[in-house]
């Protein structure tokens, strides 16, 4: 019960170890290959789109595709860690929005230099994340409810900050830099910091003591506490990190679109969660890998881009996104179920097993 | 301490009894009543402050507007209560409402002579069908409702958009009798509100006084224990989603009747308000406690805040921020109360003989 | 786990980073004052226009509305489709399902990838889509905006539904007639900073300052966010806050319909006058039941039609977007490009009981 | 030794034949048979992992057997779910209470069977009355209208028992129901069980406590590795014989604490208090010493341990490790200071069930294994191997999830995790709860060895023989207070129980 079990209630909570174990091995088998499956799906999607969709496999399109994915990829990184610990942050898009309007407002009225403003916005993002973290860890509230609250609060505040106005007179040198390519390639320079951060988050999750602690608390926060993991503090800092990354995305978003507006990035949180789950991170916490998430982000981007180029209706895209999200959670379980059933049938057919 | 002889271990049993409880029955229920009362107080205070600033806020027309305004949110919040009580959540209600509303409009477009009760039933049925899709996926996949309904939030809305293809249905396309449903009053009370009251009363009473209702609380309180005590958890959760879908369908039909103008975007983003209403109304987001009455009061409170802000001429941009702050305040307050209650209970347990 | 230490480390890293950047920027960062206006100046008119050029056939013309699920845009895009069919071009309508600038950017990129000759768009944000439009322009597409403009340098032609002066004049006149030339009025707008709405409201205020309207007092401007329910609530709030209100102007289709619905179901029906910009289909019922006497709007189908012709004229070299150029837009006749590449559709149509049944959009 | 030869004076009420059940590749039950006769109390014993709990789940309808059949009154019985089991008159009291914390105690008892009044509405008043009557029968006073949240474990267990009683079960299955109960409560429970038997019901009693088994039951069935071993009359058996059958070999001395030279005081607790939980607790533990913390369940022993280790906060007093004050509320610092706590609840607190043996074994030590926070190469694997070898953890591979291990092996992983931190002070809460006899002896040997190596060990145990056999000194707690300190010579069953039930406090 200590867990906010709304979304973290594994199918057979605790009472029957053996069964859970059986199910888990099945799940693990499914998940172990999930990363690979997502990567394979990505490769397949790229190949199919490259061959059959006109204008897909061009340098310009690669640039467009990657540029569109930068915010999603950035937000998915801390989200992966948060979901691994069994929490969720639904306020990311609103935080991006608020950071964007704050950046606009500061630029408009503070007279500070843009460099300083960017740093301030990232720090402010961290503060907004800290508010989430405080409610979740300090007061022990379920992150789902808290971040739904801050989703509304931050979006509301971002409208309060700028109203419906847009601040758009950012220097062209800056806005151009946001979309500039790495010289000689069709790859936007903005991809570099994403790669860097992905590396950092990947190492933290998979090769540090902190990462081990994240998996431990995602599975069983009590046991993690007893093993000397400061669950609350770690989660608190994760939310702060998430907020700071939101601040970064807010800066990027503002510069890329040369426009600070209250409605920037509206609804992006759903896409981020979709990408993370598609990448094989378990919504129950405790399982998932960053590679899968990166592949998930790219898969989502490639699909959307290719379908758009193929003139598929925007509404169909909405359906595809929803369907992908559902499939990414239903499939692993269905596969695990199927295996278990097959196994049982084999057992039954052969009852005098050893 | 009936069995005490000379300080034998019997008072171990006595130690955890608490004699004064007998005189105050219904400890568990009392906690809920407190919540509902405090909501009423908040509502009263809000109305009072607004009325002091502008006495027309309590005029007949204004009250009627308020009641009309909250009816749909109340119905959705009651449906959401059913779901949240079982430790699930249904984020797709806004999309179901939109889909059903548009469907109702198209229905009248296709068959202008259709009597409205038939449309109502069909709308509820379509909503129930959507709910069944949610429930079915959750049962099959054994994954949290949050994820599934997040997916169907997209999917239902996408279907709605796809179908509407940018069309709009206007009041003129629907029969007058149907539209009257949306604005008619009985003794000054809007019919829509009366329907909502009936829904609240039925669901609220069912949750409180029927085995099926109590089982929903049991499921939300401790799913594993519910399974072990023979409650058909899967079936109940499925039913709850169907019910939530059906209520969203009902709300969709009423939405069509009330607003007259329909496009595919009807009800976008409503799910947030619905969850907010339930949470503000004291329905614990992790299941097991809360009442339909509370959720309905939460919905009324949210709607009233919206109207108050307009009447008080507060920058409308504040409204969403206020909703967010309210959610945080509500869950924070719940947590505080829970801690205090726990402390009290522990105090009783530890009180010496 | 040393969250404490890690916390410290986090904090320290942040501070170090901040310090580094601060010191880097202390000696002269980019501020609003010194940034100057180096935003891509200059526009259009590459090469000279050839007024006698024929409209090319087979032009690929794409419509990108604010969002695809908005009935208003469905109508105007269909107008565009009619025009494109007339000139034997290829018509396409794409767009995001939600009105956001970022997804519009993604669509502009897609369209430019697909090698469109003309992109006709209504901007969700005057600045945000500029970069993408410029890229598309560089890739050879002609850009026409309609309904909502971008910055002038990002497109060749803006097809304005109506001049702001025309709207203001028309709306004030309508309400004045309806309330008998005296009393309190309010405006129910869309969003607090929608560019066109604010321009109209400013001009309405100027209009109201004229002597013939001296007995009319504008008490407030409310914002319904172009959201039906919100507009409904705001109307409600207006009537409660201003008991002596005689009339409401709502120059937005969503707002005027919501306000009409509120009035028709309230005690104020017929007593408080309402006018604004609305579509005949939405308002027909309220005109007939006496809630609304008269309202106005341009014809959105004509708007799309004109935008398509303007695009075709650009792509065929008839015009370049420079002031004074002329082109013929099918059944609508001849149009002249005004300053900043603006083409004005014409004065709004006023709808009342007598003529409303002749329109279906 | 056929399953139903002795005591079969009446036709069996419930028969299990050839029941088989596997989870994944693990066979939990293999062809088990069991017959319960009306009026008999039947014990089911076996090491952990022998399949007892699986058998209970099958009887409860929570699992369906892969093969074999059940018969009730000679008619085949198919249980498709817990509801079917209930309908067949089978009541189960689980090892761990399964209550609904948000609902009232009365609702917990009557869930799904609430008394009704008109229109099929629940009659709350009648329900509360009935609940009160049940508690009266059990001789406890719990307010039926209070929520179950906040009940002590013992009270929760009592509510479970009341629940089982409430539907006049023909077959009552009790899966280690007494683990959390005090002696008096156990007696009451047995009284109720006996009266049920007198009325013709059958009781299946599962326990690790042989005294209780021999006290209550007429027959004993032994399971080993998921297979049936024997069923005999209690009168024909001795504890030794039962243990031999459970383990399949002879078990040498269970409690082998050797004398070790006492060293400096390592742990010193002074005036520790936490409002409403415990107060003014003071004691010391020296290197080489095993100090037992005895007392009834709920006396506050585990809570003291948790506070010392920093999992819980405390309001008063201080903890010193080797003379240095230990800051409160931080397990991390406690670990750094050389403390280790093997918690009472293995599954919830001791292990991360879904993670591998390797990750679990190194979880508490991961910082020391890292370079600048990075975990290099196979450091974790090497460390895990070292300790799992030393403790002889039986697992196929280190990457297997601990959930796949038996209870005893899981406990060894917990021990490995803590020994890997090379602690100076080991606090071990119920070191052998729910683990099989063989492993128990291993654990005892290990503790003794560790003390010999100079560790200070604070052991919390509810098993008196363990306390008396292992401890150099016994501290007794009663209702949150330290009431007696007994030297090894002074400590015997009477003196410890006397203090634990609070009579020593008066003296």
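The letters A, B, C and D name the chains in turn, as written, and every chain counts its residues from 1.
Here is the rule we go by: a contact is a pair of C-beta atoms (placed from the backbone, for glycine too) under 8 Å apart; a residue touches a chain by one contact, two chains touch by 3 or more.
By chain, with names taken from UniProt: B = Autoinducer 2 import system permease protein LsrC; C = Rhamnose ABC transporter substrate-binding protein; D = Sugar ABC transporter ATP-binding protein.
Computed from a predicted structure; not experimentally measured.
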Most remote chain, CA-based centroid, reference being chain B = D
In terms of C-beta pairs in contact, which of A-B and A-D ranks higher?
-> A-B
How many angstrom lie between the CA centroids of chain A and chain B, rounded to a whole number?
-> 29
Using the average of all C-alpha atoms in each chain as its centre, how far is it in Å between chain C and chain D?
-> 71
Cα-centroid distance, chain A relative to chain D, in whole angstrom = 41
With chain centres taken as the means of their Cα atoms, state the distance from chain A to chain C in Å.
-> 34
For chain D, jot down the residues that touch at least 2 other chains.
-> 62, 94, 98, 101, 332, 367
Residue list for chain C, restricted to those that touch at least two other chains = 1-4, 68-69, 97, 192
Could you list the positions in chain B whose residues touch two or more of the other chains?
-> 157-158, 161, 165, 222, 224, 227-228, 287, 317
Contacting residues of chain D [partner chain B, same complex] | 60-62, 81-86, 92, 94, 98-104, 107, 111-112, 114, 116, 120-122, 124, 128, 139-143, 145-147, 149-152, 155, 182-185, 276-277, 296, 479-480, 501-503, 506
Chain C-facing residues of chain A, complex = 54-55, 58, 60-61, 64, 68, 107-108, 111-116, 118-119, 123, 126, 163-166, 168-175, 179, 209-210, 213, 228-230, 232-234, 236-237, 240-241, 244, 253, 256-259, 261, 263-267, 305, 308-309, 311, 313-315, 317-318
Residue ranges of chain C touching chain B (in the complex, touch as defined) | 68-71, 73-74, 97, 192, 220, 222-223, 225, 228-230, 232-234, 236-241, 243, 257, 261-262, 265-268, 281-282, 284-285
Chain D-touching residues of chain B, taken from the complex the two chains share | 3, 7-10, 12-19, 21-22, 25-29, 31, 209-211, 214-215, 217-218, 220-222, 224-232, 284, 287-289, 341-343, 345-347, 349-350, 352
In the complex, chain D touches chain A at residues 20, 22-24, 26-28, 53-54, 57, 62-63, 66-67, 94, 96, 98, 101, 309, 311, 330-332, 334-335, 341, 343, 347-355, 359, 362-364, 366-367, 369-370, 373-375, 401, 403-404, 417
